[in-house]
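The structures come next, written out as structure tokens.
Look for subunit A in each of the two complexes below; its partner is subunit B in the first and subunit C in the second.
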Partner chain A sequence: MAGNEPILRAVGISKSFPGVKALHDVNFTLCAGEVHCLMGENGAGKSTLIKVLTGVEKIDHGEIYLEGKSILPKTPLEAQAFGISTVYQEINLCPNLSVAENMFIGREPVSGCVINWKEINKRAQAALSKLNVKIDVTQSLDTYSVAIQQMVAIARALDVSSKILILDEPTSSLDRDEIDKLFEVLRRLKEDGIGIIFITHFLDQVYEISDRITVLRNGELVGEYETSELPKVQLIAKMIGKEFDVLTSFNKGNAASAKGCEEDSLCNDAAFIKAAGLGRQGGISPFDLSVRKGEVLGFAGLLGSGRTETARVLFGVDKADKGELYIKNKRSAVASPMNAIKNGMAFCPEDRKREGIMGDLTVKENIIIALQAKRGMGRCISAKEREKLADKFIELLSIKTSGPDQLVKNLSGGNQQKVILARWLATDPELLILDEPTRGIDVGTKTEIQKLVVRLAEEEMAVIFISSELDEELRTCDRIAVFRDRQKIAEISGEDLNQNCIMQTIAGGQKHA
Partner chain B sequence: MKKPQLSSKHVPLAITVLLFVVLFTAGAVKYPAFLSMQVFFNLFIDNAYLIILAIGMTFVLVIGGIDLSVGSVLCLVCMASAHLVENKGMNPYAVMVLMVLIGAVYGLIQGSLIQFFKMQPFIVTLAGLFFGRGAAAWISIETINITNKTYNDIAHYRVHLWGDNFISIGAVIALVVLVLAIYIAHYTKFGRSAYAIGGNESSAMLMGLPVARTKVLVYTLSGVCSALAGIVFSFYMLSGYSLHGQGMELDAIASAVIGGTLLTGGVGYVIGSLFGALTQGIIQNLIMFDGTLNSWWTKIVIAALLCVFIIIQRLLVARRDSQKAKGNVKTAL
Partner chain C sequence: MHDRLKLITKSKLFWPLMILVLMIIFNIIFVDDFLSIEFKDGHLFGRIIDIINRAAPLMLLAMGMTLVIATGGVDLSVGSTAAISGALVCSLIGGNFDGTVQNPFIIAIIAALFVSILAGAWNGFLVGKLGIQPVVATLILYVAGRGIAQLITGGQIITVYYKPYAYLGGFAPGIPIPFSIIIAAVVLVIVLLALKKTALGLFIESVGVNSVASRFTGISVVKIKFLVYAFSGLCAGIAGLIISSMIRAADANNAGLMSEMDAILAVAIGGTSMAGGRFSLGASMIGALIVQSITTTLYAVGVSAQVLPLIKAIVVIAICFVQSEELRHKLSGIFSKIGGARNEKATVKL
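Our next item is the complex of A and B:
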């Protein structure tokens, strides 16, 4: 497999966006007839690399060679002409058109000056049957399941050009059966000599399908490895950038999950919130979880492992379809964020630009808004009280702003984050959920926020702290719940609370270690 | 062979056709005079301009846009034709060609503003609506009657069909536009690109379709249709007046929606818009035949119809979604 000729070579690729170095001197080689996984955490540069290869973004430095010839695709269309096709996670087809038309639009066979629909349908049927998909191609695409739509996208990509196929998170909305079918197809394509770049967050799938792995971190190349020679734990270590100490892991790793659960059951009485078998189809498998007052519970796991999904279910953003939730030992139906807020919960979402900050409102208004929602729209918060609250939190969190009437969009990322924190602290919550509160902010502010979290816990607040950075979790959390593949797989606490043990758990036991 | 089955996209269209047939039959049963071919052909004669506007509008709605300027362009074309033919003594045929060009440029400018300056179609064409009507009033506030002989001859010309039946030149133009539009919508790359853009614009872009060009051309096409409708309307009215065709853009949108076009884009049939326009016409006829009802009742009935059709469309979408959720969708994998 790996002995094959390299079909695509990217050498010394660099790409900067304003203020960010997305890729720095990255090399990447894809061989014909292999499945090559591109791995890395959020912001590692995976998607930028794909965009560069497919002509969506221009490179600053570096060269791309296709079968030894230097190429520079400027648009996705040009990349297609070179033989590079991409199938995205969000299926980029038109749901209103027929399956056949989706495969041939833009390059329809024309006889005279009339589109030849018969020919289109015939060729679509043939292309799909190569992938073992037998459907009525004249039906509109949206009558079929996501898995079929994915197959149609792949069939289109292969029919357009078939040297290199890039699959960006193709499995995230498929179930196990559908994934098996997809992998079957990929194996067949591999035999035909097509080079496949595969991006996924599911580690098991990486080991199931890939021949080689390239790991990126912070826009830099970590290395290229044969999948069979890279244990899972090592892969995770490379992705998150921590060395894994194999010797110490063995004695500590085993006891991890058992101990966590034990401790959990002892403290049930003091739990502020307790979930029993709570779950949501397509979001997170049923899980048990409890958080005590004055405790910081961390959620660890790779991106897409189900951390955020769990938080959203707890807060009622996504409705749970299984299990029960108890707040202060009382059965509760958290059906909406409003309900959760009334029950003393607060949630700082991951994407502060989209889900948190209202940039065109002032710092003061942003701080007040959740409190206003909690009290009800009818009840006024007096101007004096608003002023007092805003001043209090600006001082407490040392938000750098020219005053409470500054527009939030003019603040730096770290200070915006603090404003969101202030917003929820103003509601005086008993449980605070923080989803990636320190992403994209400077080190100084990071430390401040971590300190604040610890202090809040000391003041008897329950905190759920979600972060991709293990360091940060270890520094702030009393207990860490570990997630993998949309499942809560373990809780770790006490002396097991160290990097090796967590990485071991994320990797899933000793299988590859 | 697959079974002929009604996809949910065709249901509104089928309902409209059925409704048209029912209304016609009802009219025939109640008023014996209604049951003649000429009454049917009169629907085309009296609504030719609306049919043409609705066809242009269908393309705009399919790409997910809207064109509010069509009524004003129609008015401007009527007024400019009347002015040039009557006051300037220009050749009527030259005037007609000029008017189509003006319509094309009108649409081209609106489409370019929408596409290249990323402006809202609603606002751009609203400006187009005001501008067109303003320009018509600027030419003349008074009505200009068209007395030119050639013009009157064309307007009164009867294309004889079998028996005593006939249609006007305007109706012939409408039918030609209809056939061309069906060809464009279903058998050209331009037409299919328009549907793709309405389905998912960013997908269309990634699939390498000429999104910008298609969108601008769709507005241009709508402009041309408005101009043609204006010419047809000037045959019908034989005058230019700055209040001609007020609110007609909304009649055109209503025709398209009743004919099964979704305002969200991606779904719509030219033939549906024809029946949408004819249905409006037949309701008007029925109310006229009745004789006791105020003509504004047409609007009330159209309002009710629109409500019903939007609800039907919503229900169809909801039903399909729930089927999907239950997993009843074909999984042939």
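Our next item is the complex of A and C:
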């Protein structure tokens, strides 16, 4: 594909949001007739780049050239007129309208002032048959599977304008057969000379379909690579920001301490929690797992690999539909978070805003609420006790707030995270699950939280630590469970506990029993 | 001084109270004998007593509504539930001309309240357990409720001649103030105590602020929602008793008609956000008084029943203006300017 003409060129793109530099001097080139993957962890700037290209966001600096001509789409409609169409992760169609209506909504062909339905149906049928999809276009969209709906969205995008097609996580709700079908269509489009930008978290798919890869990290361009020349491990290294070669000489300083744990972990008597074949349809494949008291178990893997899903099943946010869970060697059914809390668990969720803080409540209320829930409604924590607890944890975690009665939403992200930590520590848990506790937090606070985790483990607390940053995991964890494609694929401890080994396991290069 | 002023204007009760005071001032100026209270036959009479008496059912509805709205929901069925409660109590007591009862009075009341709680629990089940949108879920009973009330009364207006029944919405012997006021006050005190002595208030607010996070924290969101809707049903049931007692009859079609809107309005004027979260029962009670006094005042100054809704709407719009954040900002800007100017003067003097 290298010989093809560049169809879209973005040069020196910069974009800032208040307080964040989302994109900094990023270059991006898309050729006609190629599938180009845009890779990067959360917050790398992928979606911002797409938004800039499609006119959803305005750029601060930089230029965009389409077939050599400078363009600057200001609205998605303008971008469409230039020939750039986007299919988003959640299908942006109306499920209760017919397939044909969905494809021509807003641009119905008219004869006189009457909509020409015959024409619409004919053209819809034709557009879909180009993708090898043969369905009755007069049926309402929701009678068809998600994959077909995805195809309709693509057909619509192509019919509107067909130079560049952007697919944002199109496969996350599709099963294997449907993905194959989608890829078949993409290959055909490629042959027609359409440039395709493809965003996904599934590495296997990247290697299956793409010709070239652009990697972003923290809003900056890491590089542009031919897919065939970039091994998976290298790609992961570039995404998380560690050069693979450098890592081969990684010191094994903490291996010694980890080794001791490995032996201990064999005796499951000390395990606080043990999962046997626990799993959930559509969430995480059945897995075995045990966490001892005084141990930090890390979950590693890329986004969407099943780390969070595992934590949710353990905590009862999502009900497991397979397997058994033992808490202190006693079979337990954790059917709800309340159950889990009563069993001595605590869970700092990944999405702080949505699942963590109660913005309009005070710091004090946010801190005591889990303890209150654990005690039950009737046994109200007295005002005095609330004050004492709040003061204690504000001091212990050095939460920066004007006072315990400040609203949590007015605190910075790092301090909000500390408040949630305080909330769980107040319940005096035996198992603390932390899902990305340091995301979006400044370096100082990050270190504080890591230190806290280690200290809690020393105080005989069992900790599950989930993080996208391997550095952080290695610094805090005794053992690391690796996840890929919603499966727990390995457990690494002792000698093997280093970046290279983990990255290779994530990439699937090496098997660990 | 300035800080204290700011603290006062920031209080949840400040704006509702201001509006109520304005209302009273208007009444004193334009309504004859507004402040006069007479003592006749061991009972108190007067316009103010009248307003509070009429506001009592609305206050009860507003109590339930406040808690429901605080969880981020709304209960449109309270008027219909009130009608069911009234219908049930009247048909159980029966329309005997000689003033005797077909069933004991207390049994009738208990049955009516039980059914009201059941109606509320139904709403709670739909909203909490099945996750149906509150407006849609409670709309079901809003529509069906009056039909159920009609079924109970057999499509007729049952007039009750049993004397003690009239006490609920009027005067009980030996008590100078209307009995409905006492009922509302007792319920209010019980609720306030429950909120203070248990963590219910905190849980309700937390569900309203962020129900997902509440679940993660171990709060049973379903249970809380179920509870508040059931409580709202109970409040509507008590209000229904008072309303039907006032006319000594069960009118399935008109009892509590549009009262759900008044209750929502009372809560809104009280300053509780429709999106849920922080709530103030006290402010809602003042809101209920305001809503009732608008109606009573307009009648008193001679606005006809036909035009009343229009005038009421205009007054409500005016209140909303006063309550709006934007306007408050501008107002407090003016306040601080005046305050600042005063401070400057003071320093110059020094």
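Here are a few things to note about the model shown:
Please note the rule applied: the second predicted complex is superposed on the first by the 489 of 513 C-alpha atoms of A that agree within 3 Å, B and C clash if a C-alpha of one lies under 4 Å from a C-alpha of the other, contacts with A are read in each partner's own complex, and residues count from 1 in each chain.
The rule is short, and it goes like this: a contact is a pair of C-beta atoms (placed from the backbone, for glycine too) under 8 Å apart; a residue touches a chain by one contact, two chains touch by 3 or more.
Everything numeric here is computed off the predicted structure, so don't read it as measured data.
In the overlay built on the shared chain, the residue A:G378 is in contact with subunit C alone; subunit B does not reach it.
In the superposition on chain A, A:R9 contacts neither subunit B nor subunit C. The wider contact with subunit A, measured as residues touched, comes from B rather than the other of subunit B and subunit C. When the shared chain is aligned, subunit B comes close enough to touch A:A147, but subunit C does not.
When both complexes are overlaid on chain A, the residue A:K21 reaches neither subunit B nor subunit C.
When the two structures are aligned on the shared chain, A:E108 is found in touch with subunit B, with no touch to subunit C. When both complexes are overlaid on chain A, the residue A:C94 reaches subunit B alone and has no touch with subunit C. For subunit C in complex with subunit A, the touching residues are 197-200, 202-203, 205-206, 209-210, 212-220, 277-278.
Residue ranges on subunit A touching subunit B, taken from their complex, read 75-77, 80, 88, 91-97, 101, 105-106, 108, 110, 113-115, 132-136, 138-140, 142-145, 147-148, 151, 156, 177-178, 181. Residue ranges of subunit B in contact with subunit A, taken from their complex: 2, 7, 9, 183, 186-189, 192-193, 195-196, 198-200, 202-204, 206-209, 266-267, 320, 324, 327, 329-333. Contact residues of subunit A toward subunit C in the complex are 317, 336-338, 340-342, 347, 349, 354-361, 365, 369-370, 372-375, 377-381, 423.
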